[in-house]
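Please see the structure below; I have some questions.
Per-chain residue numbering starts at 1, and chain names A, B and C are given in the order in which the chains are listed.
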Amino acid sequence: MTSRARTSYSLREITERFGGKVDGDAAVTVRQVATLDSATPDTIAFFANERYLTQLKSTRAGAVIVGASVRAATSIPRIVCANPYAYFAQVSALFNPALAARPGVHASAVVDSSARIAGDAEVGPCAVVERAAVVGPGSVIGAGCFIGDGAVIGSATRLHPNVTICHDCVIGNRVILHSGVVIGADGFGIALDEGRWTKVPQIGRVVVGDDVEMGANTTVDRGALDDTVIEDGVKLDNQIQVAHNVRIGAHTAIAACVGIAGSTKVGRNCRIGGASGISGHLDIADNVEISAFTLVTKSISSAGTYTGVYPFERNDEWRRNAVQLKHLGELAQRVRAIEKKPAQPKRRKP
Amino acid sequence: MTSRARTSYSLREITERFGGKVDGDAAVTVRQVATLDSATPDTIAFFANERYLTQLKSTRAGAVIVGASVRAATSIPRIVCANPYAYFAQVSALFNPALAARPGVHASAVVDSSARIAGDAEVGPCAVVERAAVVGPGSVIGAGCFIGDGAVIGSATRLHPNVTICHDCVIGNRVILHSGVVIGADGFGIALDEGRWTKVPQIGRVVVGDDVEMGANTTVDRGALDDTVIEDGVKLDNQIQVAHNVRIGAHTAIAACVGIAGSTKVGRNCRIGGASGISGHLDIADNVEISAFTLVTKSISSAGTYTGVYPFERNDEWRRNAVQLKHLGELAQRVRAIEKKPAQPKRRKP
Amino acid sequence: MTSRARTSYSLREITERFGGKVDGDAAVTVRQVATLDSATPDTIAFFANERYLTQLKSTRAGAVIVGASVRAATSIPRIVCANPYAYFAQVSALFNPALAARPGVHASAVVDSSARIAGDAEVGPCAVVERAAVVGPGSVIGAGCFIGDGAVIGSATRLHPNVTICHDCVIGNRVILHSGVVIGADGFGIALDEGRWTKVPQIGRVVVGDDVEMGANTTVDRGALDDTVIEDGVKLDNQIQVAHNVRIGAHTAIAACVGIAGSTKVGRNCRIGGASGISGHLDIADNVEISAFTLVTKSISSAGTYTGVYPFERNDEWRRNAVQLKHLGELAQRVRAIEKKPAQPKRRKP
């Protein structure tokens, strides 16, 4: 574990900042957060999932963050609150604040004279900032990043090393883009003309709202004509592909390896499971949850959870079952035929 | 929308260049392309999909590109042609030409003295070109790109920033590689030897033909012994993985997030849907279409569309149905047993 | 094919190094390895798969590596050994040794004064090595790589160009990381708080063992609190996503495009097929094989092969069959109803 802890806090100080109530000795101080398993007496852990009850019983943590329903499950000094995991996130951010920008442009960076870099922004080694690009106050452009012509980076935004922002794209405030992210590459616009593909110029932008985070190697393509839009508070994990003219609604969270095809609109506060996909030109309502490994091929107009994944089993069993899938239409017909058979067709004979 | 429009053209001038016939006032001039929805009177839109008929009726576009069958559906000045989307692609390229190379090697680029860079080629900031590499006339090596020993880049080819071309690979003419593309990393060649993996050197190359485009973060591995080959006119979307010794036939288009395993040959003019996969050592015929999210596990010898995706539904319904998949072999047997039952097995009793 | 062959070897010399037995003229010399198909008389090929018997019959290779069971299938001089493919890997490495480091830090690299670079290590052009980072003996940091604060790179390890290692991560000895790899980006830790997501600081590291290889654009996230761990000898193909706090057991091999969700433990000597997935918080036993395109949603406690993939077929047939999946629960009930029907319900009437 890396150690960036700045100081220690008592449970009383913590609850004064973030609310909640202390059960036990409020003068206990902690210096860092930890898991129940690896906690030491100078750290604070959290308990938000019943499956870790054994770990709660045996933890060496100096304090623990719990919900009201389990406050009696341990005698360790504890902070009781409504949402232990969210509370823990705040406590962890207290001990592990995001690094601040180190103002200045590194000598090895290449910044066009027409670019505007805020005085307290940081531009790292070997970064490249092209013509008329803008980097806002307190933002960090990591080593090796590329900011294309006319692109705009908001304030307090961090681009980790080796991020690419193509020309004219707009990134909001307090955004975090992890290494390998590519924003604004051309969408996959090709027109078939007598067996050959003609490129369709991609002249839209990508517009990313505030408080968005994108994981390593995620890609968001620029719009074909209008823009691709990622609204405020959207959280994208690693290796996600967002095609041209997609719009992702505010506060939607998408797990790794998902692909969203062109012009699809995803609602607000959706949760999309890993390696799932959404076909193009669809509308997905707010508060929809898509299971991992599911391909959504039609628009979804009401909230709820949607799934389409083949259950795994031992290969020999899978073989025995899956082979029947190619006869399923026929099997259904045969059952129908049995059902339709007259009950006593040949009774009258003798 | 970014604006790179250079000038305006009348409908007459456009049809003189690209063919087609004007219905209405051929003197109308436009300055840019747009969607039906966001078009303004100085732009030209296109109509190629019946689902957008409402938008056609209400568009503010100054002109529109349509097929013959719908020429009467609007009174806006219009260009009537056989293939409105391909025509539109040409018109858009007229208004939005690809940027030309800015000849010269940037002072921060690192180019080996044995590399040969065409006089009118562009090598961007912090790009690295290694020994004996070649960059052809009019080509652009974007900022932060890496061109390995002996690699050859053709003419009029554009590598967007942060592309990696490994040693000895060959890239054709008029190729476009978007940011994060990696060409010629080692294929996944490992031999099991008493529970441990031994690396098999990957000594083939990647050879990319002319007029190929690859999207952001797509990877094409070098061959193990012989080469991996991407033929002319192939279009690859983002985050595609092409394994060693694959050959992709000319003018095949592949949507994002597809994986093609080693030594598979894909035919010409195929279309492969997003997030699908093709297993290794297979042959896929020309003109094959693979649906999104489909794994192809056997060679395909005839043109057509092939699919293998689990349909999605509400999670509760999926649960009820999917649980039966593990009993499908047994269910088929039970139906067979019912069918085989003698019609009146116990009739003779009384 | 690239040519890095250093010299030629006789079959006698090769078997003196690697064992095995020569059938035929042991004085025959070869200069390079090749496939059966493209071999020339100065190269040695291998035969490890019965499907290539035709190629064995017609090969022009000067020599061939075969198993004992097929030694009589050709009259070409041959090395007979227990494991032809692993033997071939060794012979290929003899002819195609990995490039050695070219000691020194390139003038364009940016290395913090507190970083420690071994004297015989290589740091390529435009690479960035941050504070207190360590690069071990004989290791190569390729062009454009980023090594974050406090990261440690072992000895004889090679980072190909444009690899990103985030702060405090640890990479072992003899590791190979291909271009575009990102190690130690933040895991996807977010806590929901009244409809908005709060970031959970990711303060663990990634610890990568010895003899690990990772393919292009693969990502391994740092742990949330404890570390993400890749054990010795693990081989990861391209575009794989390993989430925070995953542990992958020694000598496990994973094909391209796989995603492994958070906190899952994968055993030793597993083989995981391309584009498969493993859900979070699971335990996968040693020696488990997962088929391509399979989502593992439950822990697996015993060795074996596990599969869950929808078989592909012609689209029209798929449509006819797949539509029944949404009625499968009902179909099973109907079969049960038929089975339960009294055999002669109305017999007694007359």
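The rule we apply is simple: a residue touches a chain if its C-beta (ideal position, glycine included) is under 8 Å from a C-beta of that chain, and two chains touch if they have at least 3 such contacts.
From a predicted model like this one, the values you see are computed outputs, not experimental measurements.
*Asks:* Graph of touching chains, which shape: line, ring, star, complete, other?
*Replies:* complete
*Asks:* Under the over-half criterion for shared residue numbers, do copies subunit B and subunit C use the same patch or different patches to meet?
*Replies:* Comparing the two copies, subunit B and subunit C contact each other through largely different residue numbers, since under half are shared.
*Asks:* Please compute the angle of the rotation superposing subunit A on subunit B (C-alpha atoms), rounded to a multiple of 5 degrees.
*Replies:* Between subunit A and subunit B the superposing rotation measures out at 120 degrees.
*Asks:* What's the distance between the Cα centroids of subunit B and subunit C, rounded to whole Å?
*Replies:* That gives a centre separation of 25 Å.
*Asks:* Could you list which residues of subunit B touch at least two other chains?
*Replies:* 108, 126, 144, 162, 180, 217, 239, 257, 275, 309-311, 313, 322-323, 325, 327-328, 331, 335, 338, 347
*Asks:* Flag every residue of subunit C that touches subunit B in the complex, lowest number first.
*Replies:* For subunit C paired with subunit B, touching residues are 1-2, 4, 32-35, 37-38, 51, 83, 85-86, 88-90, 92-93, 95-96, 98, 106, 108, 124-126, 142-144, 160-162, 176, 178-180, 213, 215-217, 233, 235, 237-239, 251, 253, 255-257, 269, 274-275, 292-293, 309-315, 318-319, 322-323, 325-329, 331-332, 335, 338-339, 343-344.
*Asks:* Which of the residues in subunit B end up touching subunit C in this complex?
*Replies:* Touching subunit C from subunit B are residues 108, 110, 126, 128, 130, 144, 146, 148, 150, 162, 164, 166-168, 180, 182, 185-186, 188-193, 195-201, 203-205, 217, 219, 221, 223, 225-227, 239, 241, 243, 257, 259, 261, 275, 277, 279, 281, 289-291, 294-297, 304-311, 313, 317, 320-325, 327-328, 331, 334-335, 338, 345-347.
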